[in-house]
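Next up: the structures, one after another.
Here chain A shows up in two complexes: once beside chain B, once beside chain C.
Right, the complex of A and B next:
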């Protein structure tokens, strides 16, 4: 699925996003985005007054912008993505329009019919939330949304099972010429000192392997993912006599995207942005239900 | 008796008491443990699968560490007609409760409970949807 306006979503690429699942928002309206920006701005200022701000003593002028990203959705039944941006206005030269983006967060729903079909009218389904920037701002923005729309944010963790699906799915994606190597990082349990194993695979070899495993293009089964991963594990075992299947897969990096088990994602190709978001939306919905 | 895999070493066969119950442990955090159990199952005599085998799945407390597909485990239970028990070894309460369950099953398998045989486990296993 190719995004019609890759330039509009290009700013989402190559940034590290922390993932959250969000329960449906009560009485949220696309028509009131400017009002929300104003209210959120006032909330942040109030939090600063209370001394819960990030920096102490410095007069910070934080500007809040809330906008809609209509291209980020799977079907017409999905809600358009909502972007929240916090920028710092330079206090030294207020006339200077230069603003520094200090925090971004966006809500989205890509092919979230499973959730939106089962939810009463007044609720808006935007189950996936991605944040980039200081945790303190994520916390303040999250609190405002939770209070205003009666929703609940939870960190979305990615299990080794989820990550191996991503490894298989993303390996199958066609990328132009200089694709980066596929890297899998494993954490070895039960050792006195933590040990991480990094396994890098040439992208063409990985794709060739996946192509022999996948039976129907466009469809992936758990069996195929298992066979793919087992091949990689046995290859590693043959060389290093280590059973990667006894360790925990914690990070997957491919040319499409990279994902970490703590629930951190980085998008690298705008062409596959919606595809990855669809998988993440599904995971967020399972966490909510 | 604890073993990391089957078959058991043949040198000690003559010293070994009768085996009444085999509990295969699968750690949901380790794909390797599932593979190990699958390979070990091949070495078990068919007569054991009449109620003298069960699967014990551990590590279920933390779903985010899941490396094993649950469907594969259910399938294992189905194919080998044996019960699948879940537990979290790190929690004492669950550990104790699971041990008690296993002990009860063992008593039945060893024939210590009059009127109940290991064969009854098989009928309890049948999916109610099949009837």
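Right, the complex of A and C next:
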């Protein structure tokens, strides 16, 4: 599903986002976003000053903005995504103008009916959280949300199985421009020194392979994903005599997006943003249920 | 005001003279008593361990109290021993209040070498509070400068770090001037400034002090610590401090907490369960010793604090809607049961439901409130915490096993308190049991198993029984017994649940259950069949050990009474693999237990049959004729063995004792027929010997055939007097003694 306003979500592209799953927020209301920003900025100030003398009456140096991203939805039943941004007021000109964005994070739910259909009205389902910026801020913002809306954040790791699905799905997507190569990174376990194998494939070759594997367009089965990966593995084995199936897939990069098993993702195409988010929402929901 | 409310915990009112430089606020009042209580509640083994630790700590303290002259650490093993004792205890559990005076005195008196003094100061981690007097006396040591500059500095840093643990501060305030005089010392100046910053009140600000600070600033230049103190002075008395200070300073003070902070945190985590009001949820930037790479992965049960999420307008609206009172009773103030009763109508659950686990009052409240969202919030929190902290599912978590154990223990206690299992625990068990080694957190996990809730939708076989069976067959005898014990408790919890819900239903006439009776019966039957199967296999694997048999028969003690005690229309007989090993057991305890169980089966079956016949109510369920048939087969075998000496002929159970006379003769046992009656049975022969010694003291041949007629009756009385009550009720109910004269011709009563 293509986003109607690609420019509104363009700022989410080409950044590394760390993935978290979040349990439903209790008594969260879209009507109070401004108040939340105010409370959160006070919380951040207090947290940052922990261990230091409390300054009194000084203007807070971190500005918090909480806003809604109505475009990021799969269906009307999904909650609008919520964006949290922290920016640093420049000390030179305390009155507005130059604000530097230091951290951003957003909650979203794309086709998360599985979860939202099953919770009472008091709860808001935004099961996927993505953060970019220093982890210390993620920690402060996350704790504030946990305390305020009685939810739990957990890192969302991507298993090799998930990654191979992504590899297959993204291979099949059409991209206008000449796309960059598809790259798969494997890590070899049980070695004294870490060894990573990078496997780059021309996107058109990968697409051609996938087209022979996929039976019904628009539908993907686990079996097809397995066949696709097995083909790639046997090709590699023919050349290098290395069984990639014995290693662990740790990273997938394509023209659509790149994903790392630690739960880090980078979106590259705004037209496929909601599609990728739908998969990630599904993974987040399975982690909290 | 809203902003301020959220940024500070409500315990700290927003007043300037209450400066807490860190969030060390612990529940000081309740602190000591609570920790005392918890040690009393410990089971005895750990109590002994604690005791011995306590002893060695006391010895060490009295040693340091008496130490007189300079002693070299290298040469003196006694000093070494006591020093390590104090160190290890302090870092693990913290020091009791009375330890501080002694250790501070030694460390600051300069009697010992600086290395020893440093180590002593580093051990000063409070378990609860630090008495003010000990701090005051150490300040006097500081004034006579017996100790070196380094020790003085270390002491000041310690004082700053533990400032919030000092029980009173009045006398310390009186020493303000002394501290102020230390400002002259260039090295001490930054720390003294920090300390003064913590101590300063409005009345401490005096013109001469301001002058002195300004002088120091002129001499040393613009120093952050001096500015901090000056800005505080200016805040209290703007009319006295007229200079302009730079508006912003990133860091006023150096970090003093170095050696102690980690230990304080550890000790606090250990003791945390005892405090109602505990620490902030997790690590921010201020705590670099984050134990895991990821944030938000510290197992801390959140503190009960009022939900601040209700913005003003919300709050008004809610209150009008719900109770038309405009006051919400803050959970932090909830201290006792009577308060709970008085405020139950305007009490609100804390902002984080997880905190109810450590708060019995709120658990009571939870029991009264049937609110789905309450359970859902708890469901998510427990579920996520269990998964995140699981010692064997998450890599590198195994080093935190103790914490995880404590958490599981807390969850189990909560379930027992609420008398219901959490579905999040159930899901956790289903997810993690296949990966469990059966060793890690064993007793906690098995206890949680006993609270798996009853739901008709669960797939117990693949999720619980299969993984448990694998571990069961490959683990030790002790593990097998523990599993049987927890499955017995699981069965009892289900049955209790059933009884309570029967009552509720009949009282309200509302079908609140989503579990039908047939669903329940099926689940219970499945559990009993599973236990029957693993018990049969286990008895073979373990050579019919009495210890194991005891746990198995314990389980059946519940099973045999389900109809009468729990009103459940279901009775299942033990499999032959359990019945016969118990019947032929070498141990009278097992035989006696079996007799009791068979007696209860009989009572239940008779009651069921009577109900059926009288048709008082149309029974939804009838016991299958197979149950009666099995019972009758067993009773024939049992009476044949113990009483009529005809088991080899009459036993009709396919796996029973029936044997051809030809075969029996080949055994060359002479009196094979009687060999399992109550005289010759291997479990009873000991009684028979003792009985004969009393009844015929001059006969040394142990002629068991003498026990007949009148003596048979005496022998029975003797057995009953020995405590074989199960045998008594069995014989009295199941054996129809045709006439009192012909004892040997008794008949068994079939149902």
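Keep in mind that, in the parts below, the second predicted complex is superposed on the first by the 278 of 289 C-alpha atoms of A that agree within 3 Å, B and C clash if a C-alpha of one lies under 4 Å from a C-alpha of the other, contacts with A are read in each partner's own complex, and residues count from 1 in each chain.
Quick note on the criterion: a residue touches a chain if its C-beta (ideal position, glycine included) is under 8 Å from a C-beta of that chain, and two chains touch if they have at least 3 such contacts.
None of the values given here were measured: they were computed from a predicted structure.
Chain A is touched at more residues by one of its partners, and among chain B and chain C that partner is C.
Shared-chain residue A:153: touches chain C; no touch with chain B. Of the two partner chains, chain C is the only one that A:123 touches; chain B does not reach it. Using the contact criterion defined above for the overlaid structures, shared-chain residue A:13 touches neither chain B nor chain C, since it reaches no partner. Once the two complexes are overlaid on the shared chain, A:69 sits clear of chain B and of chain C alike. By the touch criterion defined above, A:246 reaches chain B but does not reach chain C.
Comparing the two complexes, no residue of chain A contacts chain B in one case and chain C in the other. Interface residues of chain A facing chain C in the complex, by the touch rule stated above, are 23-24, 26-27, 29, 32, 35, 38-39, 41-43, 45-48, 50-56, 58, 91, 119-120, 122-123, 135-136, 138-140, 142-143, 146-155, 288. For chain B in complex with chain A, the residues that touch the partner chain are 29-33, 35, 63-69, 71-72. Interface residues of chain C facing chain A in the complex, by the touch rule stated above, are 2-4, 6-8, 16, 19, 21-23, 197, 228, 232, 235, 247-249, 251-253, 255, 257, 280-286, 294-296, 302, 305, 307-311, 314, 351-353, 372-373, 376-377, 380-381, 383-385, 387-388. The touching residues of chain A, counted against chain B in their complex, run 157-161, 164, 189, 222, 226, 229, 233, 243, 245-249, 261.
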